[in-house]
Structure formats: structure tokens, C-alpha cells
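For reference, chains read A, B and C in written order, and residue numbers begin at 1 within each chain.
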Amino acid sequence: MSAEILSFETGRPAELSDDEPSLVVDVEGYEGPLDLLLALARQQKVDLAKISILALANQYLEFIEAARKIRLELAADYLVMAAWLAFLKSRLLLPEIPSADGPSAEEMATALANRLRRLEAIREASNRLMNRPQLNRDIFPRGDPEIIAEIRHPRFTATLFDLLTAYAAQRQQRVLATVHLAKRTVWSLTEARAALERLVGMAQDWSRLDQYLINYVVEPSQKATVFASSFAAALELVREGELELHQKEAFSPLYFRKRPPQPVSDAMTAPDLPAE
Amino acid sequence: MASLAEKRIADAKEHSDPQARPEELRLLEALLFASSEPLDQAALAKRMPEGVDIKVALAQLQAEYASRGVNLVRIANKWTFRTASDLSWLMTRESTETRRLSRAAIEMLAIIAYHQPGTRAEIEEIRGVMTSKGTLDVLLETGWIRPRGRRKTPGRPLTFGTTEAFLSQFSLEALSDLPGLEELRGTGLLDSRLPSGFSVPTPSDNPALRDDEDPLEIGDLELALAPAVEPESGGRS
Amino acid sequence: MASLAEKRIADAKEHSDPQARPEELRLLEALLFASSEPLDQAALAKRMPEGVDIKVALAQLQAEYASRGVNLVRIANKWTFRTASDLSWLMTRESTETRRLSRAAIEMLAIIAYHQPGTRAEIEEIRGVMTSKGTLDVLLETGWIRPRGRRKTPGRPLTFGTTEAFLSQFSLEALSDLPGLEELRGTGLLDSRLPSGFSVPTPSDNPALRDDEDPLEIGDLELALAPAVEPESGGRS
């Protein structure tokens, strides 16, 4: 709908002064028929309590007529109100017929006047409300409130059971960890065999097992484990035919050498013994 | 000139004579200045030394600050400092953009304030026009109104009331300080549901539900705030 | 009583005699109160009426508020209201929260309990892991352990022991009530297959310092409680 401005000549009721300027109505500006009625009623310039509802109904109906003449689209609300006011007007003009049901025309008129008064009152109230000093417009709170520090008092919970469990578990774990570390000082068979295999490759002739081993033993405490593992590994290599071992007598030094490749027939010949 | 200035400063020192002033006023002052939120009497009392009459102390502090640029005000039974309302001209704060409410929203807010608790239909009955959902949403967004329950009538419509933020926004100590409330009550126009002449209930933001209200249900708040178009609002703007 | 209260309030009103007080003080008060940041003299002067000596006015306002719960202070040449520094205790809110100790903290506590007095290094040696400063801080916060002296070794490390609060927390009449090796074995907490050298010490929280302990020095307690990150705590658990 275009912004049509409707020039509206009121068929002014007798009680209105003649110098009243003609009402320029933009129907879009009204918030419904009650709002329009209130605007029209204000033109009567009397207390709303003493308003002439009949005059108001006439004004409203004329407004609607004028709007329809220029084919202004009116919301249904406005038309419903027009129909109701037309009905009210006819009731007000006719002599009152006493009737049991329904409110009298006077009562209906009063009710409408009250509705208008109430709308007027709430508008007045809302104006006054809006004119009150408003927060952040007229009055201001502290701009930089200071931090209220929250002091938290922690209440720690722990039971004796927690404590003992933790202690026992912790100690036990450490004991086991220590045992595990001690294991590392043991020369495993695999380690010994790998070392021996490398040795065998280097030594072509008879060599003393313990001489070589000394090179590997860093700490005296490891001597026994290194010796034992090497001996076991050496026996295994002998069994596999990789190595020959020789010992002159009990507790005398052990010699070893890589087993030389030899024909099967020579198998029984006495080996060359290492020089003493 | 210098001597006059010195005299003024010396006067000020004397004026604020620490001996005569009870320590609790200092404590209250500090607490209320520091806090970003209004504090109620109980919260303040908790921080005061034993034996302090908090009511008297607050009244005294209020009297002391009444003529100052900062006043001690009470909002919904909570105390806070606010700049004096007559100094609003001074306080133009470029950064704050005050939201301008539409006329419809302002009227609706006033109706809710003066008639609360009220349903949307009751609000519309006074304004004589349907209200768009958007207007209600805008009001809910301000935080000045809240859905408070459901009316025990067919359709169980939501009832709306104002919040503490509303009181704080409009510098009202309580709902009974609403401007023109007495006149409105006197004319009997306050309650839309009653013919004039009947005794008129006072608007109340008492969180306790009235007899004709049911409590909100889970999801009611989301519903009230949802931006969805309501089918019954007939698609008007 | 009522009359005394009334008198106090009336006094307060008179005290703040608006006639004697220049309007610019009200303006400054309001501006400084509402500002979200400290304001410098130039910014304040811009809002004052002509002819106001801003320096004098600020000095006067500062003198007025000097004895109050809120003071006018200058920070880096900017002015702002701050709650009086002697009232900082008031600006706190206390709350209690229940916290469970971390496993590391419980372990550390247990080792301190059984092996006290011990230094942090000794505790770590037993636990086999480095201890974060945080864990020690938490334990100190519980009030169940305390630094009791300094070990007479290079670096003079703090020695820790348990407190009475520790006994009461764990319902122990004395530290000697902590179960020993056999009891721990009996409860199944300790594996019975432990190596023969394994022992559980008989703890003592005798406050008397041992031969290898020096007394604490002034400041040791603060040190122990300081939340600072210790440079040497490189590896944390």
C-alpha cells in the first residue's frame, strides 16, 4: 500500500469548535481501531469521561467512508469496529426499548468510553515510565566495579585407607623396580653368545676365554655372571660345531678357537694344543 | 587564591571527620561501591561487625549521599549506588547505545507493569490490537519482563510480569512506585477484567504465583523466547 | 534507640550540607563513579563548568573521601575511586569446596608420614619420581604437613613432617598408630613376598629437631607456601 495521506474532513459535531483544523490521517500510523478512536476522541477536547460516543461513532464512520472512497485498504479490525459503531449509533438514536437480554446502548457506550480511557491512561503511564530516570541513560551504576575476590577454602578429603594403600603400593612398586634394575647386571646367554661369536671371528688361534672376557667386564661384580654366561654360550657353540674348547686340567684356564674346517677323516686326530 | 583553595581542602578534611563517623558506614560504602550488583540487606549484614544496626546504617548512608553526585538507592530491596538522576546531562556516554523501543513495545511493557501478571490476550484487549510476536520477543530480550506462569484458563496462556532488572532500569524501589499508579487505581481502570468501581488489585511482581496461575513448565522459557512465527498471530507486523 | 538512630540519620543529612559543597564536587563524583576507567584531569576538566579549578576540586574531593570506605586515588595521573586499601579483607567472598587429593599428593603425604622428617629430595628418592612443586603446595595447603627444619646438608633443604591436623584428619591418636610392616602385610596391602631387607620405618612427628636438622628461619614458611614455579623442578610428574 502506497503511503497515501488521507485528508479527512470531519462532519464536526456541534460541541466541537469550528476552528478545529481538518484531521490529516495516515491510517498506517494507527495501532488499530481503538487507537484511531482515541485520536478522534481527543479532538473533542473534553474529558474522556464526558465524551460524546455518538459524535465519536459518527467521526469514525465518516473516516471509514472516506478511506473506502479512495480505496484505502483497511484491516478487518477497522471494519469490524465500524460495523459495531454503526450498530451502537442506531441503538443510541432510537428510543431505548426495555429488553431483558444484553446491555443497554448506554452501557455499551460507557464501556467503549472506559476502554478509551483505559488506553489513554496506560499511554500516559507509559510516557511517565519512559520519562523516569533510566539506567545507563540518565543514571549510571559504578563503571568499574571492583573484583570481589572469592576465597575458596578447600576441604581436602582423604581417608586413612587411601593413605595406607598409596604408601604400600608406592613402596612395593619401588622394591620391584629395584629388583628389575639388578637384573640388568646379568649377562644374558644371548648377549654372551653374540660377544663370543664376534671374538671367534677375530681369534684364529687358541685364546684364553677369560682374557677376552676381561675386556668386556667393566665391574668386578659382573665377572661371575659374564664368565658363567660365556661358558654356557661357548659350550653351545661347541655343540653346534663352531668352536673348540680345551682345558688342561680342572680349574686351569679355558682355551677356545674357531673350529678349523677339516675333512671328516681327520676328525679323530689330536688337535694342536695351545702353547703353554 | 591559593589560600582559598587550601582552606577548601582543609574544610573538606574536617568535613569528613573520621571520628564522628561509625566504621560500619565505611564498610557499607566500600562494599556497595565495589559491587557490580545491588546487594540486599542480608548480604551486607553478613559482612558487618556484630551489633551493627544495618537498617540505621543504610539510612544514614543514604542521607549522607542524598545531596551528592552519587546516591544510595534501593531497588527491589537491594541497595546500590547510582549517579544522581539530575546529572544525566553530564553522563552522556558515547559508547552506550540505548535501545529505542517501539511505541507498541513501550505500551506493552507499561501494560505488563501495571496489570501484571497478565497474558498476551489481556494486553491486546487493552491496546485493542493484536501484538506481533516480535514485539514480545524484543521485550523479553530486554530482560525487563519474564514469563512467570500459565493462567488457569482454556489454552493455558503464559502470564507475564516484570523483573528486578525492570525496577533497576526505571529506578523504582518497588512496583508500588510506578508513576501514576495511584491515579490509575483511583479511576478503576487498572484491571481490564473488572468493570470500573470494583476494587482493583495492585500489580505485583511477587514471584509467588497467584491462585489463577500454574507454574511454568520445562521448555516454556524457550518457547516464549523462540523467534518462531506464531500461527495465531495472523501474520501481522 | 529509635531516637538515637533518627539523630544519626539527621546528623548525616546535616553533615552532607549541600549548600556548603560546590557543585563541581558532585559532578566529579558522578563522573568518576560511572567511568569504566580512570580519568585524567583533562578529560574531567572538559566536562566541568567554566571557571572550575579542577586541581583544587580534585584535591578537595580526595580529602573528603580520605577517611571513607572509598578513596579517590590517582593512578598514573588518572583519577578513580577505589575501596580503601585497609578494607581489602571485606572484598572477599569465602566459600568452601571439597577437593580430593591427587594420587601423587597422597603418595607424597604417605611417604612424608612414614619417613618424616624428610626433604623433598629424600621423598623423591623413595617415590622414584620427581615431585612437582604444585603437589607439595597442595599438601602444604591441606595443613597436614609442615616444614619443620632444614637439613644440615649442602643446600640446607627444608625438612617436612606431619601436623596435628594430619592426625585428626586420619583419626590417629599418635603417629605411632600408623600401621607397621607386619600390620600392612596382614591387611594385604603389602605383598608378603617382599624381599627380606624391606622395612617400614617407625615414624615420629616429635617436634624436637633431630641432630641433622637446623631450625627454620624467618620467611621459610612463606617460601614453602609460595606458589612460584621452582626453577629446579624441571621434570615434573
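Methods note: a residue touches a chain if its C-beta (ideal position, glycine included) is under 8 Å from a C-beta of that chain, and two chains touch if they have at least 3 such contacts.
All values reported here derive from a predicted model rather than from experimental measurement.
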**Message:** With centres defined from CA atoms, tell me which chain sits nearest the overall protein centre.
**Reply:** A
**Most widely separated chain from subunit B, with each centre as the mean of CA atoms** = C
**Request:** Go ahead and note the Å separation of the Cα centroids belonging to subunit B and subunit C.
**Result:** 39
**Request:** Can you check how far apart subunit A and subunit C are, centre to centre, with Cα atoms defining each centre and the answer in Å?
**Result:** 32
**Request:** Send over the residues of subunit C in touch with two or more other chains.
**Result:** 30, 33-34, 83, 91
**Prompt:** Of all residues in subunit A, which are in touch with two or more distinct other chains?
**Reply:** 140-142, 146, 148
**Fill in**
Residue positions on subunit A within touch of subunit C in the complex are 140-144, 146-160, 162-175, 177, 179
**subunit B to subunit A touching residues, read off their complex** = 33-36, 80-85, 88, 91, 93, 96, 98, 103-104, 106-107, 109-111, 113-114, 126-130, 168-172, 178-181, 183-184, 187, 189, 192, 195-196, 236
**Message:** Help me check something: in the complex, which residues belonging to subunit C touch subunit B?
**Reply:** 5, 8-13, 15-18, 20-22, 25-31, 33-34, 47, 53, 55-56, 59-61, 63-70, 81, 83-84, 87, 90-91
**Prompt:** What does subunit A use to touch subunit B in their complex?
**Reply:** 31-35, 75, 77, 114-115, 117-119, 121-126, 128-130, 132-142, 145-146, 148
